[in-house]
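Think of it as A, B, C and D in the order they're written, each chain with its own count starting at 1.
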Amino acid sequence: MKNSFGNHLTLTLFGESHGPAIGAVLDGLAPGLSVNEDSIAHKLSLRRPAGKIAPARVEADRYQIVSGVFEGKTTGTPLCITIPNENIRSGDYQRAAARPGHADYAAYMKYHGFEDYRGGGHFSGRITAALVAAGAIVADALRRKGITLATHVSRCGAYCDRSFDDVETDIAALQNMPFPLLDPSLEDPMRAFIEAAKAEGDSVGGVIETAVYGMPAGVGEPWFDTVEGVLSHALFSVPAIKGVEFGDGFALCDMKGSQANDPIRLHNGGVVTATNHNGGINGGITNSMPLVFRCAVKPTPSIAKAQQTVDFIQNQETDLVIHGRHDPAIFHRACHVVNAVTALTLYDLLAGRYGTDWFTKEG
Amino acid sequence: MKNSFGNHLTLTLFGESHGPAIGAVLDGLAPGLSVNEDSIAHKLSLRRPAGKIAPARVEADRYQIVSGVFEGKTTGTPLCITIPNENIRSGDYQRAAARPGHADYAAYMKYHGFEDYRGGGHFSGRITAALVAAGAIVADALRRKGITLATHVSRCGAYCDRSFDDVETDIAALQNMPFPLLDPSLEDPMRAFIEAAKAEGDSVGGVIETAVYGMPAGVGEPWFDTVEGVLSHALFSVPAIKGVEFGDGFALCDMKGSQANDPIRLHNGGVVTATNHNGGINGGITNSMPLVFRCAVKPTPSIAKAQQTVDFIQNQETDLVIHGRHDPAIFHRACHVVNAVTALTLYDLLAGRYGTDWFTKEG
Amino acid sequence: MKNSFGNHLTLTLFGESHGPAIGAVLDGLAPGLSVNEDSIAHKLSLRRPAGKIAPARVEADRYQIVSGVFEGKTTGTPLCITIPNENIRSGDYQRAAARPGHADYAAYMKYHGFEDYRGGGHFSGRITAALVAAGAIVADALRRKGITLATHVSRCGAYCDRSFDDVETDIAALQNMPFPLLDPSLEDPMRAFIEAAKAEGDSVGGVIETAVYGMPAGVGEPWFDTVEGVLSHALFSVPAIKGVEFGDGFALCDMKGSQANDPIRLHNGGVVTATNHNGGINGGITNSMPLVFRCAVKPTPSIAKAQQTVDFIQNQETDLVIHGRHDPAIFHRACHVVNAVTALTLYDLLAGRYGTDWFTKEG
Amino acid sequence: MKNSFGNHLTLTLFGESHGPAIGAVLDGLAPGLSVNEDSIAHKLSLRRPAGKIAPARVEADRYQIVSGVFEGKTTGTPLCITIPNENIRSGDYQRAAARPGHADYAAYMKYHGFEDYRGGGHFSGRITAALVAAGAIVADALRRKGITLATHVSRCGAYCDRSFDDVETDIAALQNMPFPLLDPSLEDPMRAFIEAAKAEGDSVGGVIETAVYGMPAGVGEPWFDTVEGVLSHALFSVPAIKGVEFGDGFALCDMKGSQANDPIRLHNGGVVTATNHNGGINGGITNSMPLVFRCAVKPTPSIAKAQQTVDFIQNQETDLVIHGRHDPAIFHRACHVVNAVTALTLYDLLAGRYGTDWFTKEG
């Protein structure tokens, strides 16, 4: 498998930025899951750029479910969803010098020049619309089993959002925010920070944080298919993510064992930990505490400033100024893609553990 | 696949801390690779604890190659290597209260109490000896193709090693160090810091950094099987790793795009980048620059201090004092495990890209 | 993976008989393969029913390549091809009693009644159009490497076609036959035999035989991923196939070892066998001789005669007369599907053995 | 994956005929399954050659469970079982001319001469001892869920055993027969037939038939992971199997649809078919009827008669007389290997469908 992910629920992505459509195939869904088309459209709208920091290209995302749904419910056979590319201006894009920070040169070396380079082709963030659509179906199925999740902007420049506190409530509060923040008063200064970078022809990155509530204990494997391993595998597909940490992550390196270990307590008849430095995972396996992880989203590589690069067709050094439509920041949009990736990955793990029909069972 | 990893070169781990042996099966190796038994023994010795910060249990690691090697070379059929557990004192271990920071409770929920709890069972760091042995064979194969790699302790407490500079030379310098450092003068203060924690009945964590030299450009996939995704999937199996970042990772979030993008240059007829903030990977695919990534290794969870926990068999809260033999720090030993995991993962990616026999071809 | 096949080249099928479209995603193709749209259309036309034994439903198969092809060549990223369902008369189909010989009851037990039952839904032979389209692209790639293949009707009723003799020439002769026979004079009596069954409201089955010329020696694995195992895994997906045998297959059971063993000879400097009772495979691995195998295609289960069955919704026994449009035989059409499946499977094995780019290398 | 099989329960085989040991790793077993060591030893004894038609080499099969079992039950972590090779006479084997009907030449082309050629190396039927041991554990788990299976010699020369009739009873009757027959009076003439072939320096093949009782309906996938496809994939690994047919298999080609379709009836409140021409599988999915399939086992390729072949090291034609210890027939021993392969495959399918813990649930 290459552009597919998941052993029990398998997602396959296809499409290029400037082809007729992009899409996804989801195989392994339980039969009988309700497919809420409004929910898909809503999740797509959250991912869609908006406001002053949006690029010029905005797609309507008029998706079509091609297969796998009958009378409003999943059939259990592969669900294919396609989203046409409608707002294409190919004149903006021609094969030129390698854009620094982009995959142009790496892709050329892999595909020997046969790649569709228009708008980033298969590497385009556009493909994440299909991920988000697929994730919407799956997140609804998880929610019916009591598993909810959300991602917020944790840090951007000097602005730091607070961490998750009452995880269940915080997740609920984040569901409808295109620019998700636990402290919404930070949106204006963060947007101003991004707009300032845009005004300079530059871009910014940020840290985003995800929490998952309601995961049962005992999911994951001790070696290789650890929850951290499987999640990070998928998360690094989200464009611009360059780091993933679970629980306190890198900050654990500054603690003593006596600080990093989470004391274990009884609570309402269940076993919980008093703190959650380990992010809900021990030895690769869920422990019933909320999953918490953070991703580093690098600054958008497409910037207006002139950059030194190489025209690798001509094999000569050159300066490059990227025109066209670009986001000065994508971490807020990445939140919605991370949610989709997380939902898809957890569904896969749960389906492997409990079987296909678990998602349509009561309780 | 659960306790297996790799599509083209597949590693399967087995064994428990207190069973008769641990081991690994490696399937997909090219036929005709030289198997240097000294190299395996040497790598195992680097992983083996030593010095004042070692636990009491030290194994001789008298490994046996059970299959897949004939007249000193790989046959191309599955290579099984077993390492007997010799220095076992089961009296040290009994099922007791859940050890905070360990997988005891998570494992109980997954395996319903049937897990071999002695010494951590299949979760034990002991299993990494098999990983290191397997990695040694594969690292030799990579080296013959010009691909070398090493990991050093990047940070421990307030002590920070320098970063990779001349990557090829730095990697060579690190090959034989049990406590690998680019600036070896840091070993004494770091060891003193660890010993001080041990004296308090506590433990410490650290950040380790890996570089890979010589990876060809064009390896990896744009979605899911990105180099970052595949590597991190495997790396999170290394016990105590809770974060992975590529290139500048989380620090990229503090940069503007104009800083984070690596300017592209011609050098000796090839395409290189002037900086390597992206760690040798763009769009999930290698770009011919060195791979660079860092892992966060949390403090060893086994500490001598009393801890609050739950006896989940009796369902009651209790205080726990862990006796027995434990490491006050494992990040330096994790370096050698990370090297093995990295070698195994890259071999897998290269075998998928270039075919089985690439590793025995000239050039 | 469920409705996907292949480790290096992965095919995913989607769609239902009466949905908007069916399709396939092919991931793992070498970049730079020529995509000949006439070749795809031609292969689809061979699969399409025609003549007196055709059912009333004939689709135009106006396929669209949605992704993965740029300027007439594969990009190396996932190729999605969709084929709209245009000639649908849903009135012909309603959920009724289980059709004997069909998957109706089995599907109901698997999908709990959520399956799209119209026209067989995802079980419909209609889906094989997507397989054939995908196979056409891949067969062209194999042919450029000197590997050709074809399937003919080996037996139908009392009519037996001759076996492959000069395999390369025989394969070439079969390329454009909708009803492929090495002795074309058998087409008329075979069609008459089928029409006679149709006149009785009945159907017939047949044996089909495939040969592959030009496979290099040394492909396949000794255990599990044997060439026989991998091919049969895929072949049993072709609707109505209930048996697969390689070389002389079941007839080998009537031979002595001294008859079944193929004497080995030198020929033009290469190693060949004087006979090919083993069908080009020893120990699961190709030996450079042509691959030869046969598949048993059962009679089409949809017949006009009244049949005893159960209405499993009402839980009562009933008689069923199937109306609508059905083939009285499908083995001749299955030949083209088997060709596609064989091409896809061999491409997968070769890509694993020799790497992604082998198919675009000279020689 | 190469020498591994199964997505949910994964079996990996290792070892060579003349290495120190052979073995298997089973990953994905439910925790808490009883491991009956007598059952393993018994199944190994059934596979072991005995009587006049046995070769000289008989192994004691003193297996060791290295991991994955604790206090008599599976832990849920990988179970490794090794079986030492004790009765080795390497003098019998040297690399010589390619043995007709064996993998010698194919293996040489795949492994470039690095294969362990002694006694067939990794291709040896010896490896099936590990398969049988693994299968014994799994068959016990299936039986506790009401699923039983057995294989008998269906045909050898002119001697035909009867088919399965009362499947549950017939399976029970076959459990302890080294030479399994539904009509045990056929053992003497069949053995005489084999001995006669042996006396001529020759060997014979046969057809073996398997039935599985108690499989729930709704298991399998419509495309690719059909029950027929997954089972045949694994079955073709059993040495000398060259054909697999389900239900009436190739004989279905001689039936009309009205004969081949199984009429559907109500019986004891459940849905059954009056006949079982489709072998318990429709559209790739179980229908609750017994699974029935047959495998063609070719004559043992090792024969004493002189054979024409090629010394591919010297690149010259030669005559070969094989000395050493060989079976004049292996189909009766293959029955026990097929049972193991079938049990492992069905466990895998069931684990995927119902989750890991299904096997330890009541009912």
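Note that a contact is a pair of C-beta atoms (placed from the backbone, for glycine too) under 8 Å apart; a residue touches a chain by one contact, two chains touch by 3 or more.
Given the structure is predicted, the values throughout are model-derived calculations rather than measurements.
Least-squares overlay of CA atoms from subunit A onto subunit D yields a rotation of 180° to the nearest 5. Among the other chains, B has the CA centre that is most remote from the centre of subunit C.
Between subunit B and subunit C the centroid-to-centroid distance comes to 45 Å (mean Cα coordinates, whole Å).
Rounded to whole angstrom, the centroid-to-centroid distance between subunit A and subunit B, based on C-alpha atoms, equals 27 Å.
The set of subunit C residues touching two or more other chains comprises 1-4, 7, 13, 77, 110-111, 122, 222, 357. Of all residues in subunit B, only 1-4, 7, 10, 12-16, 19-23, 25, 27-28, 31-32, 64, 66-68, 70, 73-80, 82, 110-112, 114-116, 121-122, 357, 360 touch subunit D in the complex they form. Residues 1-5, 7, 13, 97-98, 100-111, 122-123, 127, 155-157, 197, 200-207, 216-226, 228-230, 232-237, 239, 241-250, 252-266, 271, 273-274, 278-279, 281-288, 296-303, 305, 307-310, 312, 315-317, 331 of subunit A are the ones that touch subunit B when the two sit in their complex. Residues of subunit C touching subunit B in their complex: 7-8, 77, 222, 352-358.
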